[in-house]
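In structure tokens below, several structures.
Both of the next two complexes hold chain A, though its partner changes from chain B to chain C.
Moving on, here comes the complex of A and B:
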């Protein structure tokens, strides 16, 4: 703190006996920092910390829309725990996150490798590849819903004309198919994020390393395994961390594509919380459901952060 | 610079890349073709004879017309734009300030606050929407654009702060010190010396924040109720689907037109956007 003072910035008037530097309170590093951080603190405090505690309180009461609630202890959590749809939603969410993350990672790595080469129209292809990620999810999911339409599905048309199917497939009407459809759309949407982030990581790896390994006789797989992968690991882990959180808390995609159906088979935490909390107006129970994401999410995040730290300090 | 025999290039490069690109872009093509296809062609069973779903010889504007004349689509578009813009500006101001403080000033709680902001970065909107809906109602912000303008920064600020911290760290400290020795005050050194240098980073953060807020759905769905206040995503979901009836032509027209503004912003600033995406990951 003392470094920049001294010569040119002269001491100001004393105030309450303390020496102030010229320019007032903002010249003090701590006060300046406090001033810069206060708008953020106010907004995040009001709309993240406060609702978080309000949510905990709500989940311990029996509040409904328009009906102020009373304290009921852990009854909501008990009820939710014994709810078979909730259990299925938990299972769905974990499975959905796991499967899509693995697929996105593998395909993303592959696509990043492809995009890392030099070819004509590279910039254009890169720009177009990101489109699924930037177009509002709700809107692009509608395009998918239309493609999965039971009667007018273009996918059925393609499969039929390719000779693969003879009767129509009701994509969103069957629980397993609907779940697969959700996975497909999530991969479609998230893949560009993986590809572009990993591509940025790839570009920091010096081509000389690859060349040296190639001269030493390493084949493509060996070069990937022993050079690209270890160097890319830190970026990969952070990308995965973000993607896991987003996928775990996914809402829009399922809301549009299946609404949690058929027969509540494709609910995730968020869609089920919405259905209970907003749909049927059982605010406290909905709050309990969406709060239940928190411990699971925390566990996943902490594990990943620990792993990231271990990789980085290695 | 693709080595190897010609067939190898095709098998390992051109074919997979083409498949990726076609699959990633097909839904957009499908949006476009559905938008301009007349209803008579649209609702033809998938196994009808002589039916080519990929092309139409009778393009029509009827869906776009329905969208513009019978729904409040333009209002939704305007709402979305205002909300995305305002929340981006708020988040940028907060994020740049906070990022500057956390990366360049020394004070006791710096590490703790940095972690705190990172943690909120990891809190998904779906965790808080129910209590937040209650709070928004208590603040009498329900069904106004302010409900979103003030809540979107909660997921934009952490991201902007994170990105800006990374950016500020890459600017040499001497730059500021010189200005300070020349007599500049702290805020002057920040505003006149550091911020101009950080402009590309601020820009990237802004572009990314804008697309994120354009994309947001669950808060808009829960906090807004009257048709005139809705954003594009919510309007399309709630007004172009009536019970079980989907107005597919108009829906796709809405999806298409609703995506165009982000697509334009994106296409002009691809590099900045990519820097935003990768910066958000690198920190």
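Moving on, here comes the complex of A and C:
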């Protein structure tokens, strides 16, 4: 095998079983790089770029289900901007993303620190922590839906039998509680991603730095503030970036848990776009609602990437 | 295996085509032979998971094998959750691929009108031979010139209630007016048995309750011209004000988050005293008497009764959800699908399924009021002719695409939901008016 490879390198390049003689097209680094990148480019083009541009086109037409539309300019955007439910969805999405991201970051950091310690059954605990992230969102959200069920809530049952409440708490029927409920489920589901990613980051920090600081008399908080946090910051920013993107476009969780109700109190961009585009058949308006996420998300992503670059080049 | 020659195939095809062309199913039956379809012709029928599971079981085990034998085609029945039908339909239409026949609720076929086959030649004979379609189901499926879908059934909503609990609070017959219902509900809630109703985002019970309630007060979505938004009226405002108090005094406040199955569970678990629902609660209670019992160990079904909606200032009105079968325009099996839909709606084929449904399904045409099934169980009698009291969305106009949009956006439902959450009644009505204007102005 080794000699065969040696021969290949000397005489030409093996590509999909064919030997290309030296001086062949793939000998040129530019072509070779393009060949290697092309599968990814095709996949990205098919599944990311094409739907994205198709979405932009749809949002500029008056397409309905089964009826090809005509170009209408920005009329759909104007309509959704004047739509009170859309505005509610904008506020909900921003607030939902902000609150869940902050909570997941704080709890994730804390959990990562705990998991970074040496204790018996460490591997098992780390595996279990990942469970909420592994279970399909729809399945786990159905379980949560039962727990929050207005009539059969196990949470209410426990609180009632513990003597904490005397009447049922209307978890999903009260707008504020329903919003809190989707936040709780999102945090539960997203926390492992933060914890495990930050744990990976923590493990790259040399223990010698911590030991040296401890010898110099730094307490736990000081070690965290001046050693752990700065070294963990690039990883934290990347994790937060991914999380913000995912949370901003969250759909399954809210769709299963509340369907956007009660009275639109938990509608996010994605659930409202779905209701309009799919439920009502107004594909172009649905696309306009979906695309409305784009500038906000783009701004967040650009800002975060700029910050990451600054941190990395420090 | 016998060989089929080209000449033989043409003969059989000719017979089938002539039979279908001249006499529809009657012709097919008269010819004594299944119509010839291309070898391996199969129909894909997409439906919801029936709230009466025995109905789906009957289709799979009895009806479809019989249809396959009679029509010579393979029929694949796929059933999914009712809330999932809309995305499946949209995806199918956009990709021009998917099930040949898809079930639609209420007036959803109006949303897809350009993508559906004209089924007038299927519907007209059914209507004329079976006493005519009820107005509401015709309005939902007819666009003024042609039939967009074949009406399949009403899923009428009646108030199922616990007789003994109403008796306990001194209400010996179901309240006749909303005022009486509110008074009874107040006493029932005080005893821990509130009325239960959803105002959530769910396809059946929420609009079924909210629309009928609004209409009974004289509220309406638009004027008869189908364009002028008319929801902001004194009548609607009164209904919203009443609902706010009614909800607080008499209803289970968890209902804001209920889906279509939540009130079934709440009723059968002995949590609520009454709810507007299809007959599925009673049918389930009757099916499993040992599982669903009253506090003193008797079959809960024996304590259940059905009653129509209470009257409002504008009378007694029902929404009564409807179901239809849409023949998709992209289907390559148009003839087979139409023959199948005709087959489904002959009395001898529809009847057995209708009886298995035990009243959860009411026939789309008036002749089904005379079916002997209604004599089986007096508790089911209120469902017999209630379809005649049904009204379609978009009232006082027609159930157009705009009305379907309003329905699917839950605007009327949310108007009441916002009120019970504390928004002033005037603001709720104004909000609904603004949303309706956005829909109807385009």
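We adopt the following convention: the second predicted complex is superposed on the first by the 292 of 314 C-alpha atoms of A that agree within 3 Å, B and C clash if a C-alpha of one lies under 4 Å from a C-alpha of the other, contacts with A are read in each partner's own complex, and residues count from 1 in each chain.
Definition applied: a residue touches a chain if its C-beta (ideal position, glycine included) is under 8 Å from a C-beta of that chain, and two chains touch if they have at least 3 such contacts.
Since the structure is predicted, the reported quantities are computational estimates derived from the model, not experimental observations.
*Asks:* Contact-wise, after the overlay, does A:152 reach chain B, chain C, both or neither (first, second, both, neither)?
*Replies:* A:152 sits against chain B and chain C alike.
*Asks:* Look at A:246 in the shared chain and tell me whether it touches chain B only, chain C only, both, or neither; answer first, second, both or neither.
*Replies:* first
*Asks:* Under the stated touch criterion, which partner chain does A:95 make contact with: chain B (first), chain C (second), both, or neither?
*Replies:* Neither: A:95 stays clear of chain B and chain C.
*Asks:* For A:229, using the defined touch cut-off, is the partner it touches chain B, chain C, both, or neither? Pick first, second, both or neither.
*Replies:* Touch status of A:229: no partner.
*Asks:* Touch check for A:81: first (chain B), second (chain C), both, or neither?
*Replies:* In the superposed model, A:81 contacts neither chain B nor chain C.
*Asks:* With the two complexes superposed on chain A, say which partner A:114 touches: chain B (first), chain C (second), both, or neither.
*Replies:* In the superposed model, A:114 contacts chain B only, not chain C.
*Asks:* Per the contact definition in the header, classify A:67: touching chain B only (first), chain C only (second), both, or neither.
*Replies:* In the superposition, A:67 contacts chain C only.
*Asks:* Which partner chains sit in contact with A:260 here, chain B, chain C, both or neither? Use first/second/both/neither.
*Replies:* Second partner only, chain C.
*Asks:* With both structures placed on chain A, which of the two partners, chain B or chain C, ends up touching more residues of chain A?
*Replies:* B
*Asks:* Contact-wise, after the overlay, does A:278 reach chain B, chain C, both or neither (first, second, both, neither)?
*Replies:* Both partners, chain B and chain C.
*Asks:* Residue overlap on chain A between the chain B contact set and the chain C contact set?
*Replies:* 149, 151-152, 168, 274, 277-278, 283
*Asks:* Sort out for me which residues of chain B touch chain A in the complex.
*Replies:* Interface residues on chain B, with respect to chain A: 1-2, 13, 16-17, 20-21, 23-25, 27-28, 30-31, 34, 42-47, 51, 53, 90, 93-95, 97-98, 100-102, 105-108, 110, 113, 117, 120, 122-135, 150-151, 153-154, 157-158, 161, 177, 180-183, 185-187, 211, 214-215, 217-218, 222, 232-233, 236-237, 246, 248, 251-252, 254-255, 258-259, 262-263, 266-267, 270, 273-274, 277-278, 280-283.
*Asks:* Which stretch or stretches of chain A touch chain B in the complex?
*Replies:* Contact set of chain A toward chain B: 1, 3-4, 7-9, 23, 26-27, 29-30, 32-34, 36-37, 39-40, 43-44, 46-48, 50-52, 54-55, 58, 107, 110-111, 114-115, 117-119, 123, 125-140, 142-147, 149, 151-154, 156-157, 160, 168, 188, 191-193, 196-197, 200, 235, 238-239, 242, 245-246, 248-252, 255-256, 269-270, 273-274, 277-278, 283, 286-287, 290-291, 293-294, 297, 301.
*Asks:* Name, in rising order, each residue of chain A that touches chain C in their complex.
*Replies:* Against chain C, the touching part of chain A is residues 64-67, 79, 82-85, 148-152, 168, 170-175, 178, 258-265, 274-283.
*Asks:* So in the complex, which bits of chain C are touching chain A?
*Replies:* 83, 86-87, 89-90, 93-94, 111-112, 114-115, 199-202, 252-259, 262, 265-266, 269, 271, 329, 401, 404-405, 408-410, 414, 417-418, 421, 431, 434-435, 438, 442
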